[in-house]
């Protein structure tokens, strides 16, 4: 029995649960198709990493990461939320890629393609989360926190407006709600939690580089949300468990060296096919969203 | 060598290739009203199909290998529509977009599975370019420009002088009306895919001739194609040509000023700005 | 809902049993996170050959204290992220006390903190970045730091009377590090760097960078490049009719570059850490190589990889099969040790020294450059 592998799997799954829940708020509850979500994951990771590498205490770095991620979301959303539907998707995709290119090119800040190695382990109020079991505890804590906060949001009056926007924007506007403001709120909250996921991820893998924040990650988290059932509370959780389990176990499978080069593309092909399959046959995912919740 | 002139030439060259991509994209956009996010992979597979048929065990010279390459790319395009898009034709556009994303992912990694992620080249002999007007122009580059012009003329003729072309224009104007008027919409749609795939194939091959092959070459060029489409107006073939050239020039001249690492960002940037300033309206096929 | 909970428990159960517990050790396992796929695979296949040759040598002589050495390969896919994964896998799943680290300074430096923190010894046979072993006392290199090569390239330019050059370099730890050392030395000696042009790896088109570099028709351009990128650049430069003297570093001194780029690299020159090919150690190595691999050319860095594995074998024999044992023993066994690539004594930064020579491509062959 390989305990280390088991712990690693669950840490990754939990991080992606947070990431997926944040996207789910935007995509599933508010109907905003954000294809650049990985940008905020990356912004959170880079902010926290850069700060802690410069001896800023983790507690501050974490808060800073959340703020920067949320603020970036705010900045990005203002121009793009004017667009409808799929154009919003394409614009956010463009933004996501542009942010990645900034990570790649501003070497003075992010060390560009060389990435940031040796990211320190998190220290919360003098408790250092260095070993795998400790990190798992940390992640479980944040996941539960995220779940509760987002659950609160979606069940609140604000959340009801989000859902109303998803169902019928025009009528909601007619009822006097400022659609634009609500969309921004949804987007910012989603970005903050994406930043949280990114921070946890960066401190876990200890090395980040621009190549970690590509369209691939967006597709993965989108698949998780869609597979699990968008607009549901438990959808992202199941989606993450199934997909990340699959992805990470494959990574750690013992294969003869000649086969490893086929593994990654094969896995991505399965993800791609899964997306198509879902769209055609079961767009609502594993867990059907209940209307009006 | 004149720095500026060479950059302008490179820009025009890139622009021709982008124009071909944009034409293929705008055809489907116009007729079916959605952005085929997997168009980049048609481009990429077109280039790889040629590579396949020129290499072992086939070993055909380029003009001969072109035929199966075109054939299979077209097959791929039609297959795409039949298996992935047709079942969700009536669904909302977001569903289509996600399905296209998934498809592009599938195809890109399929290529990586077969050919690996490393750079490949057609292996033509490297020749020095000719010196014209203080610029260096290779024979490949001349071929690209000439081929693009020929393609544009052919597409124009097909679109505006043939019956099928008329059907396509009718379908892109109004699908229901076209069907009710007795136009064979199914055939028109199929023809759009054939043409779109053929353009993608040729464009991909020309691109690979200029800059070699790798599985990731589809995505970035899709964005450029889309930006060009937006610039020129959806469904507008001449607009696609103009849009492509503008993007090509903007890129190559832009990097004289900003860091070369941001070259691809220029196309993204243009696309985003256009989306914000000028939300796409379907212009139909009127010039 | 019940079905889903059921599935979840099955998943948890499976994940517990994913990898069987390690069997009793009947070999000394040494991890190797090398590039079997991706852009560095062109180098990686050569390294594997050299590593295997050394392992065979060790086992042929009875192994270490009777036990054979076994190299556990893990594909690092040429990207820093996958290198970290590969190294972690070797540490947590295979539980090896010593790892042959990834090539390419950036990839190596991404993984060094991981090895250091887990107190696993890791060595590099081709990392040249000056800061390579900074991560800690478990990190070693058998390839000399570029602090020396930067001066070597600068001296070469001055010798050939190129006082004003633009410099192009791969935008990563290696390129950046070497570029900085070059610029520092060149300026100090009175030279002028007219432009600094970083470029990304793995691109298919470098014409923009080439145009910028050759603006104003410089007589020479320093280009710190790798095999694949170099082949693309030199071919495109040739097509564009660029005529200039290219000056490279050691990463380009590879038969594979000549194979890929053909006549377009004729006449380029570069520096490389030099070791004599006349010593008896080298002759012995060459004989072994030819016996196993016939006419295949000895790949770039092959000799360094060989020396590294032999040293690891000696360290295990002397210090035992533990990280700390190996770490201490490495200093002892390397002191004064004459390997294929010369004296391998480790200095206090766990690096080795070297001299620098000049190479060139003539008639499709890489030979020493004679002025």
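Should a chain be cited, it is by its letter among A, B and C, assigned in written order, with residues numbered from 1 in that chain.
Note that a contact is a pair of C-beta atoms (placed from the backbone, for glycine too) under 8 Å apart; a residue touches a chain by one contact, two chains touch by 3 or more.
Just so it is clear, the structure is predicted and the values come from calculations on it, not from any experiment.
**Student:** Any idea whether A-C or B-C has more C-beta pairs in contact?
**Tutor:** Between the chain pairs A-C and B-C, A-C carries more contacts.
**Student:** Measuring centre to centre with C-alpha atoms, which chain is farthest from chain A?
**Tutor:** When every chain centre is compared against chain A, the largest gap points to C.
**Student:** Based only on mean CA positions, could you tell me how far chain A sits from chain B in angstrom?
**Tutor:** Those two chain centres are 32 Å apart.
**Student:** Express in whole angstrom the distance between the two chain centres, defined as the mean CA positions of chain A and chain C.
**Tutor:** Chain centres of chain A and chain C, defined by C-alpha means, are spaced 35 Å apart.
**Student:** Counting only Cα atoms for the centres, state how far chain B is from chain C in Å.
**Tutor:** 39
**Student:** What are the residue numbers in chain C that touch two or more other chains?
**Tutor:** Only 37, 171, 198, 200 qualify.
**Student:** Got the chain A residues that touch at least 2 other chains?
**Tutor:** 104, 261, 264
**Student:** In chain B, what residues contact two or more other chains?
**Tutor:** 116, 261
**Student:** Please give the residue numbers of chain C that touch chain A in the complex, ascending.
**Tutor:** Answer in residue numbers: 4, 8, 11, 15-19, 21, 36-37, 73-75, 77, 79-81, 84-85, 89, 92-93, 106, 109-114, 117, 135, 171-173, 176, 198, 200-201.
**Student:** Can you tell me which positions in chain B touch chain C when the two form their complex?
**Tutor:** Listed in rising order, the residues are 1, 3, 6-7, 10, 116-119, 126-129, 131, 136, 138, 210-214, 217, 252, 255-256, 260-261, 263.
**Student:** Which of the residues in chain B come into contact with chain A in the complex?
**Tutor:** 34-35, 84, 87-88, 91-99, 101-110, 112-113, 116, 219, 223, 226, 259, 261-262, 264-265, 268-269, 271-272, 275-276, 279-280
**Student:** Can you list the residues on chain C that touch chain B in the complex?
**Tutor:** Contacts found on chain C: 37-39, 41-42, 171, 197-200, 202, 204-205, 207-209, 211-212, 214-215, 217, 228, 232, 235, 238-242, 262-264.
**Student:** Tell me, which parts of chain A touch chain C in their complex?
**Tutor:** It is residues 1-2, 4-6, 8-9, 104, 107, 112-115, 117-118, 205-207, 209, 211-212, 238, 241-242, 245, 249, 251-252, 254, 257-258, 260-261, 264, 286 of chain A that touch chain C.
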